[in-house]
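Each structure below is given as structure tokens.
Next come two complexes, and both contain subunit A; in the first it sits with subunit B, in the second with subunit C.
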Partner chain A sequence: MFISIDHLTKDFRGRPAALNDLTVDLPQGMIGLIGPNGAGKTTLMRILTGIIKPTEGKVFIDGQDLSLPANRRNLKRHLGYLPQHITPYDNLSPLGFLDYIGILKMIGNKRVRQEQAHTLLEQVGLDDVMNQPIGGLSGGMRRRVGIAQALMGDPQLLVVDEPTAGLDPEERMRFRTLLAQLGQDRTVILSTHILDDVAQTCPWVCVLRFGRNQYDGPTEGLIHEAAGHTWVTPPIAAPPDNATIINAEPTPQGTRYRIVTDTPPAGSVETAPNLEDGYMALASER
Partner chain B sequence: MRILSLVRITLLMFYRRKALWIASIPLALFALFLAYASPMSPGFSNTDGLVFTGQVLAMFTPLAYAASFSDLMTAGRRTGMDELESTSPLPMAVIRSAHVLGAWVICISSSLLFLVLIAVHQAFKGNGKAILVALAVALVILSPSMLIAMGISALLGALLPTIVARILAVLAWAWLAFYTPLLPLPTLNGGPLAVIGDPIAQGWFHTDPIYAPANGPFTVQSGVISLLWQACIILLLFTGANIASNHIKAQV
Partner chain C sequence: MAFVGIQLKRLYRLVLLPFILTAGVLLAGFVLESIWSLRRIRPVMMVLTQVPVIAAGLSTAFVLNGDPIVELAESTPTGWRKVQVTRLLIITGAFLAAAGLLFTGLHMMRLWPRDMGWVSIVTPVGSIFIVNCLVFLIAVLTTSMPTSSLASIAIWLFLCFIWDPYITDPVRQRLIPLFIAAAGAIFGWNMCGDAERNVVRVAAL
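Then we have the complex of A and B:
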């Protein structure tokens, strides 16, 4: 699915615009949606999924104008969504909950729903607890129920908001692999603060800031923003001025900083940038 | 069929809500005790007794539902389920109607069970129509009362903080069910707009009303008006709760 967002604005009463004249085209495949808190990522995803309507502007998905109710309804048949905060009905079992989601997605045949639910629960590693009440599951397990429900109905557009929050490293990697597989033949919008997840899975990235599009394009392009500006300092006592610190590694001689800057301290060594460096370089440009 | 499937799942959800049972079964048992021990009681051995028991259940058990359903339209906002359900091609009104229907089936089940048990006892004693009367009482007297209490609770819950909504909903139901026309303040009791089934009980089942009618005995027409009025109230309450909940969701 090809998504075209045209001059999108969303105002919430009494607050600054969550989206401010946002225009961006998103191709099919895995797309990373990143930006600081309050950048408008969740608002954009809620508009893309038809939960809320924009104040101004339009969204086209495969050329279909989402402002038309019939198009929104049609989109919802092919949509999978994982909200940032979701507590599935704790009185239901994972199997019952996925059955419920299947009904909501208008999968009429109960056998088909049950088969899909079984397969997905196996994929997310919940086959042992699929008949236990969700209320008794751990936070990570509930998150995995949320992930499985988003995949019910084999959606062509998958929108996932912070999907790996609360997952242990093993589960995170498993889910990342699953997402990457899904992204081969559909559109997956992955909103996250974990840039490593984006770097590993998304060939395309969109950076939002203050409700505006700060960057959209290949992930490599964003990494390239920091090329020639990424340095590792020698061990020093105090953090360098005029530099964005990416990380700090304590050593017996002092702290070694990875920084993005045009004016590195003496003795710094230039290094190949990664997505974090590119993102921070872009942030420092604003 | 989809709405039936949704109702089935909702039934499971509410069936497993222990708090609902803990609140409703003691109230139903208390209502049964009153229906038996009250000086007004015709006893449990005839059709009048079934109707009276249905009315007493319709007065007391909704107290539990007024307290329990303040989050019927808003719980999903807290849990994120509202967002998820909004991405369904099914209209939210259909999904919420299924939730209300599922909740209603669970709510009425305990009272209906008690009524049917009394009716079965009567049937063994020779009252051939007792079971039909029990079902009719459940449908036209108990159900509207329960749905009105749930609707008040849901509407207030969509507009106010849940705890405030719970208290106000219980007070509102107490006023609707227990405020006697003998006191010098307005009440629906004693008139055709009463919501505890007096017009239907007297108009259709020819039993004595709990509150004396202000303008002569209730007739068949009073029963029809009462039922239509209650249907309108139920529709208005749930539509209002749905609109209020959607409006708030759009602002968040």
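Then we have the complex of A and C:
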């Protein structure tokens, strides 16, 4: 599945544009969508899933123009979506909820729905509780129900809005692996604030800021933004000026900072950048 | 079919409610008939026959508001409107059927207040239809359960105390508000087809 976003603008009344003339092409596979709060990630995902319409501009999915209702309807047949905020029905069990979503997705055969629901709940590690009411599950478990429902109907396009928020580390890694597997033969768009998730799973990344495209391309390329600018300082008393601090490690002699800057303090050692460094380097550029 | 079935399953308690109310009122009529005079029973029946109308409005307000997965429903080929309208039809169908039974029972026992023959069936059936159509409109407009519930009471008060006592011809009494309610429901139906509005309204709460 190939997604082409062409001069997309979305205005909400009385607000700065949530998306501002965004143009980007997204290839097949796993795509990370990152950017600060309010950058327009959720808005973009809602447009890509055919839920809301852009004010201006167009989206083409495999060449199909989403401004046509028939194409939107067609897209929704092969779509899995995990909204950022979702609270599944408390009184249903995970199995019941997935069955319900399967019906909304027009999977007519009850046996097929039940089999899919079972398999998916096993994949997200909910086999023990699949018959208990969702209301009694922990926040992370509900999140996993949300992830599993997105996968009902074996969608060709999977759009997941901050799916790993609130998951414990083990589950996060499990989920990451699951997404990476899914991304092998379909398109997965993953928005997240956890850059490590993107670094580990997404070969392609798009950075939004104020509704604009700040970077799109291979994840390697974003890391490369910080090449030659990433340093580790010796233990010092005060944080360095003119630098973006990535992290601070207290030591008995003072604090050792990892920074992105053109003017490192004396005694700093250049180090290989990671995705966080690249992201922060890009953020400090403008 | 599976779709209607699963909605029915979600609502079955509220679907049973009108039939329980009907049974209750009929039973009350049956018992009172043997101990009181018709003159004393009629006013009681006047009150009791309003209970299903109020219950219909409140149940509809409850059913049509507060669903947490509107955005998810909009991302499926089914869409939110179909869910919403199916629920409206189920709940309204149940209350209409029960109102029909209630009228039939009381009519045969000669206990229906202001009975003008079978044509009087339009009074209970019409009230429920009117209240539910308008509550649907309000629910789509406001997506608020408290507002929809209050509106359902207000519509009922209007019908019961302002409209019905003065427009006594049973057909005209119902035809005019029915027409308005149907127009309201069509308007609501149109508005409910706007996925962006549905998602944004709920997200803003």
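Rule of thumb we're sticking to: the second predicted complex is superposed on the first by the 286 of 286 C-alpha atoms of A that agree within 3 Å, B and C clash if a C-alpha of one lies under 4 Å from a C-alpha of the other, contacts with A are read in each partner's own complex, and residues count from 1 in each chain.
We take it that a contact is a pair of C-beta atoms (placed from the backbone, for glycine too) under 8 Å apart; a residue touches a chain by one contact, two chains touch by 3 or more.
The shown structure was predicted, so the numbers you read here are calculated from the model rather than taken from an experiment.
**Student:** Sharing subunit A, do subunit B and subunit C clash or fit in the superposition?
**Tutor:** Once both complexes are aligned on subunit A, subunit B and subunit C clash.
**Student:** In the superposed model, which partner reaches more residues of subunit A, subunit B or subunit C?
**Tutor:** Partner with more touched residues of subunit A: B.
**Student:** Between subunit B and subunit C, whom does A:Arg13 touch in the aligned arrangement: first, second, both, or neither?
**Tutor:** first
**Student:** Which partner does A:Val205 reach: the first (subunit B), the second (subunit C), both, or neither?
**Tutor:** Neither partner.
**Student:** Between subunit B and subunit C, whom does A:Thr87 touch in the aligned arrangement: first, second, both, or neither?
**Tutor:** both
**Student:** Could you tell me if A:Leu22 is touching subunit B, subunit C, both of them or neither one (first, second, both, neither)?
**Tutor:** A:Leu22: touches no partner chain.
**Student:** Figure out whether A:Pro133 sits in contact with subunit B (first) or subunit C (second), or with both, or with neither.
**Tutor:** A:Pro133 contacts subunit B only, not subunit C.
**Student:** Should A:Val160 be classified as contacting the first partner (subunit B), the second (subunit C), both, or neither?
**Tutor:** Neither partner.
**Student:** According to the stated criteria, A:Ile246 is in contact with first (subunit B), second (subunit C), both, or neither; which is it?
**Tutor:** Neither partner.
**Student:** Following superposition on chain A, which residues of subunit A contact subunit B and also contact subunit C?
**Tutor:** Shared contact residues on subunit A: 12, 46, 49-53, 73, 76-77, 79, 81, 83, 85-89, 99-101, 103-106, 108, 110, 149.
**Student:** Taking the touch rule as given, give the residues of subunit A at its contact with subunit C in the complex, in rising order.
**Tutor:** These residues of subunit A touch subunit C: 12, 46, 49-53, 73, 76-77, 79, 81, 83, 85-89, 99-101, 103-106, 108, 110, 149.
**Student:** Once bound in the complex, which stretches of subunit A touch subunit B?
**Tutor:** Those in contact with subunit B are residues 12-13, 46, 49-53, 73-74, 76-77, 79, 81, 83-89, 91-92, 96, 99-101, 103-106, 108, 110, 133, 149.
**Student:** Quick one: in the complex, what on subunit B touches subunit A?
**Tutor:** Residues in contact with subunit A: 1-2, 5-6, 9, 12-17, 78-81, 83-90, 95, 249-252.
**Student:** Name, in rising order, each residue of subunit C that touches subunit A in their complex.
**Tutor:** So the residues of subunit C in touch with subunit A come to 2-3, 6, 10, 68-69, 71-78, 83, 195-196, 199-200, 203.
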